[in-house]
Amino acid sequence: MTQQNIGIGKCALQLVLANSDEIEGLKSEMNESTFQYCLGKTGSMDLQKVVSAIETAAKRNHMIQEGVYREMHALYHAILEAVQGVTRGQVQLGDVMRTVGLRFAVVRGKPYENEQEGEWIAVALYGTIGAPIRGLEHETAGLGINHI
Amino acid sequence: MTQQNIGIGKCALQLVLANSDEIEGLKSEMNESTFQYCLGKTGSMDLQKVVSAIETAAKRNHMIQEGVYREMHALYHAILEAVQGVTRGQVQLGDVMRTVGLRFAVVRGKPYENEQEGEWIAVALYGTIGAPIRGLEHETAGLGINHI
Amino acid sequence: MTQQNIGIGKCALQLVLANSDEIEGLKSEMNESTFQYCLGKTGSMDLQKVVSAIETAAKRNHMIQEGVYREMHALYHAILEAVQGVTRGQVQLGDVMRTVGLRFAVVRGKPYENEQEGEWIAVALYGTIGAPIRGLEHETAGLGINHI
Amino acid sequence: MTQQNIGIGKCALQLVLANSDEIEGLKSEMNESTFQYCLGKTGSMDLQKVVSAIETAAKRNHMIQEGVYREMHALYHAILEAVQGVTRGQVQLGDVMRTVGLRFAVVRGKPYENEQEGEWIAVALYGTIGAPIRGLEHETAGLGINHI
Amino acid sequence: MTQQNIGIGKCALQLVLANSDEIEGLKSEMNESTFQYCLGKTGSMDLQKVVSAIETAAKRNHMIQEGVYREMHALYHAILEAVQGVTRGQVQLGDVMRTVGLRFAVVRGKPYENEQEGEWIAVALYGTIGAPIRGLEHETAGLGINHI
Amino acid sequence: MTQQNIGIGKCALQLVLANSDEIEGLKSEMNESTFQYCLGKTGSMDLQKVVSAIETAAKRNHMIQEGVYREMHALYHAILEAVQGVTRGQVQLGDVMRTVGLRFAVVRGKPYENEQEGEWIAVALYGTIGAPIRGLEHETAGLGINHI
């Protein structure tokens, strides 16, 4: 029941933190691992668009089966948990006059040795949050993990 | 007003994510930068102990001036924001029957080019959260940033 | 000060859970009791419409006196409390990319033997919550109770 | 992907709402269905005890596999969601000077026609919440649902 | 339905903000008004003690009828709302390593011209919140209002 | 490290509570103190407009330096904390079918004797919250304080 050398959440966080030099190395590592992943960017004052962008990317990259609610449900709650790290307190953006620019990573795989633990999904977010004026912003991050 | 090559939050996240091979390299990089930092570990079902461990480490490592409320206030809110990423929804551990094992990093410095932006503080957390039974846990992370 | 054989909240929950066979029996029971009630349906991604639908139904069915703020205030807080059971965490629908289809019941009466306890109001909700795609949803429920 | 005649959440709610006359009939219905269930009571000012009582009952009744984190994780989040309906706002009891007396039901099964949706778990709570003085209390309820 | 010259909430706030010179003048004004009031102090890292101190003072000063749940319920929710202004986000003190020193005022009366609006209750809090070290604190305030 | 005769938060609260007779006296006192202040009114069902109105007034009155994120960040969090006192629970207005009419005061200065504590900012709000129908509303208040 111990975790693998590197967890599914750490993978997701490393993907969103990587700069352009590091990203190819990480992608190679991921491709050799048993973990699936997808990466993307989203920015908005509208939280719905952020949630939607991650869901859409996860579906298009076949991270989850589109018609199966079970998989959507697992992903959805992982996204919301990651968003709570980004928003810290109020799960709101434009309503409280702020905007985000985020990179996101979704990673799916079996992070536990015990085969019965099955698949899990991690959503990591990293970027900036701040006033809707360029530069008036600071970094923000979030991580959500769920069984799938 | 643009950010430096690497943000204060990213530094803090990299420090808590680093494995034993990577940590020395990161420490060297940090020592060459203008950022100050400290690292530590804390684990508890008692949220007060988690907050307290980070505050104590920051004071002992002279990240903040102990008698100056302004600095304590900045650190405190950065800690609470990081804890919200870890707890995702309810800022509670034992009360809702869960425990954490966390690495923490506190980074202080001037992340903006504009000298008027002054110093900021970042608190990053990474580790596990779960039932108070070994192995019944998954990864968790949080990042809080504040002006100081 | 003990409660009646059946509480005002239980009545409200039974009304929203009843299928078409059971509903007539329940209505007869309610009509013989001293409790007033009204029933309705509402579905939306817009939380404001959900709150508004219940308020409007309660006014039209004379469950509350329309111009009296005291009664509106009691109903409003009972609705918000019921909505918290439905949304579990974030009192949000469309903003976090989800929608509801709900039955609601409002019950008003004297649930305590002690005459001084006066009238109370219960709002029960039951239905589905999920992605804005048919079938990608699960059940949800909530109950709010207030003195009036 | 449509739901069965009666949902897993509705079953759980009916079990906690049933009086002594109705409970045997419901148990028979449940035993004929493909759903597993367990029932219990818990009362405390200490939220940890409430969470723990439901977890323990679910394990003892083999509703979940004890050593498998995946199952514990699914149950845990369903419990927390049900508790949010009960506490409506602050997931706290004694800290905000209130106590609960609750019946709980845990139901596990396949609520969707589509075989791929697999098993889900529902936790329903019904009882009273109020001041730690007998009679100074009103009804409360909550429902949490998760894929397992 | 318009409010009186001075609202019940403003009265409560003025009472907690008054210095020793102003307090006697305010008490005279209150005694001439139709509003009842009581004043007190409480300080703790334990939120339960804060809630309890206000409830006890309100009962001892006959602001509410002790055995009547309706009145306790109205007061309790007004207290919790005022505490939310004080804690701003997490309704927690010691758990997140902070303490309060507060003055409180409870005011009861008929703030609306329309006789049907009946009695309402206001709870105001003002004082300091901060680290459990003297001086490391800033001001805080809260106001809760409910129909009774 | 003791506070001045009168705190920055108390000043802000007195300014929003003052009636037309009292306001000139308070303004004179403020002008003699070392504190800067600005006053305004805002009313909306749209929380973004409330946040924006206070930010705009603070910028126009040179309470904060417009291009300096550090100052915007301090003000923003003070506003959000004050709004939490006003909304008590859900930082939402129109979404949960309610509206506010508020007076606001922003006060900036050095509230601590210790010179190292530097400048702080207080945001106070006072007015009404309620249904979007005239008269169906009660008083509400909030106070946020931050180092700047």
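When the chains are written out, they are named A, B, C, D, E and F in that same order, and each has its own residue count from 1.
We take it that a residue touches a chain if its C-beta (ideal position, glycine included) is under 8 Å from a C-beta of that chain, and two chains touch if they have at least 3 such contacts.
This structure is a prediction, so every number in the text was calculated from the model and none was measured.
Trainee: I need the rotation angle between the copies chain D and chain E from a CA superposition, between 0 and 180°, in steps of 5.
Mentor: The two chains, chain D and chain E, differ by a rotation of 120 degrees.
Trainee: With centres defined as the mean of C-alpha atoms, identify the chain lying farthest from chain A.
Mentor: Comparing chain centres, E lies farthest from chain A.
Trainee: What's the call on chain A versus chain D, same or different interface residues, using the half cut on shared numbers?
Mentor: Same-residue interface.
Trainee: Let me check something: if the centre of a chain is the mean of its CA atoms, which chain is farthest from chain C?
Mentor: Centre of mass proxy via C-alpha means gives B as farthest from chain C.
Trainee: Kindly point out which of E-F, A-D or A-C repeats the C-F interface, defined as over half of the contact pairs being the same residue numbers.
Mentor: Repeat of the C-F interface: A-C.
Trainee: Counting only Cα atoms for the centres, state how far chain B is from chain F in Å.
Mentor: About 30 Å, centre to centre.
Trainee: Centroid from C-alpha atoms only, then distance chain D to chain F, rounded to Å. What do you get?
Mentor: Distance between chain centres, rounded to whole Å: 43 Å.
Trainee: Which whole number of Å gives the spacing of the CA centres of chain B and chain E?
Mentor: 36
Trainee: Which residues belonging to chain E are in contact with no fewer than two other chains?
Mentor: 1, 69, 73, 89, 92, 95, 120, 135-136, 138
Trainee: Where on chain C is chain D touching in the complex?
Mentor: So the residues of chain C touching chain D come out as 1-3, 7-10, 13-14, 17, 81, 84-86, 88-89, 111, 120, 122, 124, 126, 135-136, 138-145.
Trainee: If you look only at chain A, which of its residues touch chain F in the complex?
Mentor: Residues 90, 92, 94-98, 130-131, 135-138 of chain A touch chain F in their complex.
Trainee: Going by the contact rule at the top, pick out the chain F residues touching chain A in the complex.
Mentor: 47-48, 51-52, 55, 69, 72-73, 76, 80, 83, 91-92, 95
Trainee: Taking the complex as given, what residues does chain E use to touch chain C?
Mentor: That would be residues 1, 65, 67-70, 73-74, 77, 112, 114, 116-118, 120, 146-147 of chain E.
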